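Scroll down for the structure; my scribbles are underneath it.
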Amino acid sequence: MKKLASPLSYVLLVIISFISLFPFYMMITMSTYKTEQIFQTLPFLPSDYFGQNISTVFQSNFLQSYGNSLFISVVSMAVCVLVSSMVGYAMLVYDFKFKKALMNFIMLTMMVPTQIGIIGYMIEMRSLHLTGTLWPMILLWFANGFGAFWMIQFINGSMPMEIVESARIDGAGELKIFFGMVFPCIRPGVLTLCLLIFLWSWNSYLVPLVFVNNESLNTIPIFIKSLANAYRTDYGAQLSGLLLATIPLLIMFICGSKSFIKGLTAGAVKG
Amino acid sequence: MNRKGNKKYTILWPLFFVAPFIIFFLAFNLFPILYSVFLSFHDWSGIGDKVFIGLDNYVRIFTQDKTVWKSLGNTLYIMVLGFPLSIFLGLVLAAFLSNLKKFRNVFQTINFLPYITTPVAIGLIFTFLFDWNTGIINKIITFFGGEGVNWLGNAKFAPLVIGFMIIWKTTGYYMALYLAGITSISEDIYEAAKVDGAGPVKTFFKITLPLLKPITIFIVITSLIYALQLFDEPNLMFNVSTTSVIGGPDRSCLTMVWNFYDVAFGSTARLGYGSAVATTLFIIIVITSLVGMKLMNKKEGK
Amino acid sequence: MKLKKVTAMAMTAVLALGMLAGCGKGDSKDTAKSDAGSKDTKQEAEGDVTTITYWGWDTNWYEPMFEKFMEENPDIKIEATNVAYSDYFTKIQQAIASGSELPTMVQQSCTLIANYKELGVFEDLTSDPYNVDPDIFFDFIKDRAMTEDGQLIGIEQSVSPSAIAYKRDLAKEYFGTDDPEELAALFQSTDDYITKGKEVNEKSGGDAYLFHSSGAVAEWLYFADSTELQTGDTVNFTEKMTPVMDTLVKMRDNKVVDTFENGTPQANATYADDNHLFYPCPNWAISYYIKANDADGEGNWGLMMPATGGYSCGGCSVGITNTSTDAEKEAAWRFMKWAFLEQGGVDTAKESTDYYVPTKEFYEDPSYASGADPFFGGQDVGGFLYGEIAQSIVIPTPSIYDQTVIDIRDLLANAVMSDSDLDTQALIDKGLEECANRITDSDIKVK
């Protein structure tokens, strides 16, 4: 193994990293161009139009879209992680009927794409009078098969049962054990799942495409798409908007990077 | 404190902790699918009354509608183009990376970036890169004396671009997962292998790879799910102008979900028929999932 | 332990906050969005301002129009939502199926007009209180938005006479003249485009093409052909598409048309380059394509008669949804009346977007539709489009398969360029197979 760490692996990694970064780099430089110029030159070096592009973005309801996306992602993330952790906790701590069946059920749910039910979901939201609000884009994240599976694996692998046992002997209630003791212990797993759910709901495209039909409901991806009229698309503005939209994800990932890796190790490896 | 037999611990508390998930799942995930199944036996455009037509929609899917099967084929093809290579690359990179002392975090963060990029951005950037006349890829090719390729306009190449995009997007994610796995393997095992005189390549294949099997299964299954749901990127890449063709050149990038979306909401709204297409997809996915679960259970047995 | 406790508390607090914020926002939305009845009372409380909504893709038209209208009518507020053209009909259908509110005014694309008629969500503008007499509009267009039982579901936003735009400097360079009449005399039949186009490409050493995109040529030839797409239960695909594909194949083989995909930003950037001469050009393309993409090209453009004669391409009508409240309908109608039937709106559309209404009476004033356009080197663009071309247009009866066939046409136009082995027959076969997959009504025969 050690011998593989030759200069060769550095070279390979640098090449791959370059490929990973290249489109990003293009996104950054192209966002500094006026749309018409993007196609007339090779936009490898930054130009001077970034300010105008950004002001175009802010002239439309970018901030509201940003707020909507944040709201959707934060609520989806919070509820999904809580609900998933509860399932994970129950699977570790309790013995109950249908436990095995529930496990199988969760694995199955993990594999069923929500998009398949979107017609039914649409009709359901209609009868609940939730169309025209942000809720249709949030509710379907609440029970996420992947999330539940993830937390089950994680709690199983990183929570010693003894902690719960001894807490019970000390007379702590179940809720107190869950929130006060278990939750802090499973932080890396929780953070990893938070990051993933936030990422997925932030980037979600199909569901908002169906439910957003009013500018006040725009999410970032839909907003970016709307920065175009039928015959001219303002790519410069779109790209600078996208750049701004990627920032929260970048911050989350870089800050949570350590926990994230820890979470991955425990969640996926032990699974 | 004997928990066994105490109803509080076998029924009430478990129910309390499990209920939210079950309720939310039934209400917002399963119910819509079941309702779609119900709709699939009807002819309905979203307005007016639903007309019960029995199995007619399914008869059409299985006897007439080639697009459904073409889109299934496209999806599988794109999946085969992209995922095996990205999983393999992820593994190899992780193996290299695990040996680095410096820059490990830097490389990992850089290569993870594509995974967090919004599909809208990916679609935009890739159309810029791969355009026939003005794309950077073709400019590079012609610079070296080659002839530009009609990447996005030719049914042969368009799926390759999507495949490449998948590799670009997911390699870093798989690398992170594998790296997590490799670092969790105890050094003692490697030391023991060294003592036994195993070379690095042999160690990798005989020790590392088998120990990574759970991760590999996890990755294969999640990528399978991701592939079957593919919609955002192809749609955003090939739905750029008012005259864009649905599904890209010759509909070669029309994935199952895109086809379903188009059938249900496209120029002729057919929610009933769309539901039937969705139900068919659902069945295909459940079957695939069951196979996947078999694999997972096997792993548990080990 | 203490630290853990604090984190746990913080976590719970965040969760709780999220939930609270969620409810708060949800509630306010709910009240704003509840049923139409309470909305009316709310509006009255706000000083009698009626708010109506509009979905559109044509920002060039609606932004100046709404601004001017609201200035003159402070009691009406129009909220516009920009919806991408390609998503538009989908969104309307989703709104109907999901029970979301439809906008008060809908923009009905002419290629989907038959589909809009089937939705049954529009007010009949010939009845009370609108009482529009369709005969006030140009003959060729007055029936387009009319259902079989005589309901008028929308008014055409603008007539869409189309011709061919060209770059004057390039025309001079290759044909020795930039005069529209002299150029039109050079191009008398579609074959002339092929022979002349071949010369252009050869003369330029392979750099220059007569047209930039097969899709644009296909659109022009398709709309210039007045063959009915649908007669009774038959869709005449082969008859309609064969001449188009024939010409495309010849153009490809003789390098008359370049390989850009119509409507993509890359294709739009060619408006400003020196390698593409001719652009099929509907009236709306002047502001959306030419002026938008070649902002520095003032004086370098000209407009000429195509060999096919003038044709009508694109355009849309505006209708009022019958799900709106009476107050909304009235406000919407006041806007439409102003925009299409009254001098103020008609002039605004002309000045801001070069749109000319289909209402005949305005053309009685000869200065309405004519005047020198400096962007076109002083050519009388309006007089040419609305005086000459608009009078001679024949348009086929709309079919609910228009958009489907147009989508297939675009697919074929792209296929021609990407596979040089495809001949007309192969293209038509491919098209018929596409029809079989996409035209699903069992009563309909595709020929």
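Note that the chains take the letters A, B and C in the order they are written out, and that residue 1 is the start of every chain.
Criterion: a contact is a pair of C-beta atoms (placed from the backbone, for glycine too) under 8 Å apart; a residue touches a chain by one contact, two chains touch by 3 or more.
None of the values given here were measured: they were computed from a predicted structure.
Participant: Quick one: which chains contact chain A and chain C both?
Facilitator: Common neighbours, chain A/chain C: B.
Participant: Centre-to-centre on C-alpha atoms, which chain is most distant from chain A?
Facilitator: If we average the C-alpha coordinates per chain, C ends up farthest from chain A.
Participant: Quick check: more C-beta contact pairs in B-C or A-B?
Facilitator: A-B
Participant: So what's the Cα centroid distance for chain B and chain C, whole Å?
Facilitator: The separation of the two C-alpha centroids amounts to 36 Å.
Participant: Using Cα averages as centroids, what's the distance between chain A and chain B in whole Å?
Facilitator: One centre to the other, that is 15 Å.
Participant: Return the residues of chain C touching two or more other chains; collapse runs of consecutive numbers into ranges.
Facilitator: Answer for chain C, listing residues that touch two or more other chains: 85, 94, 97, 263, 265-266, 269.
Participant: Out of chain B, which residues touch more than one other chain, so two or more?
Facilitator: Correct list: 134, 240, 242, 265, 271.
Participant: Which chain A residues reach two or more other chains?
Facilitator: 38-39, 82, 119, 122-123, 210, 225, 230-231, 233, 235
Participant: Would you pull the chain A residues touching chain C in the complex into a rising list?
Facilitator: Within the complex, chain A contacts chain C at residues 35-36, 38-40, 71, 74-75, 78-79, 82, 119, 122-123, 125-127, 129, 131-135, 138, 179-181, 183-185, 187, 190, 209-211, 213-215, 225-226, 228-233, 235.
Participant: For chain A, which residues count as touching chain B in their complex?
Facilitator: These residues of chain A touch chain B: 1-5, 9-10, 12-13, 16-17, 19-21, 23-24, 26-27, 30, 38-39, 42, 82-84, 86-87, 89-90, 94-97, 102, 104, 106-124, 139-140, 142-143, 145-146, 148, 168-169, 174, 178, 199, 202-203, 205-206, 210, 220-221, 224-225, 230-231, 233, 235, 238-239, 242, 245-246, 249-250, 253-254, 257, 260-261, 264-265, 268-271.
Participant: Give every residue of chain C touching chain B within the complex, in rising order.
Facilitator: For this pair, the touching residues of chain C are 85-86, 89-90, 93-94, 96-97, 112, 115, 119-121, 215, 219, 258-267, 269, 400, 403-404, 407, 410-411, 414-415, 417-419, 433, 436-438, 440.
Participant: Given the complex with chain C, which residues does chain B contribute to the contact?
Facilitator: Interface residues on the chain B side: 45-48, 60, 64-67, 127, 131-134, 150, 152-155, 239-246, 249-251, 265-271, 273.
Participant: Under the touch definition given earlier, write down the residues of chain C that touch chain A in their complex.
Facilitator: 3-5, 7-8, 11-12, 14-15, 18-19, 21-22, 25-26, 29-30, 33, 53, 55, 57-60, 79, 81-85, 87, 91, 94-95, 97-101, 263, 265-266, 268-269, 272-273, 285, 288-289, 292-293, 295
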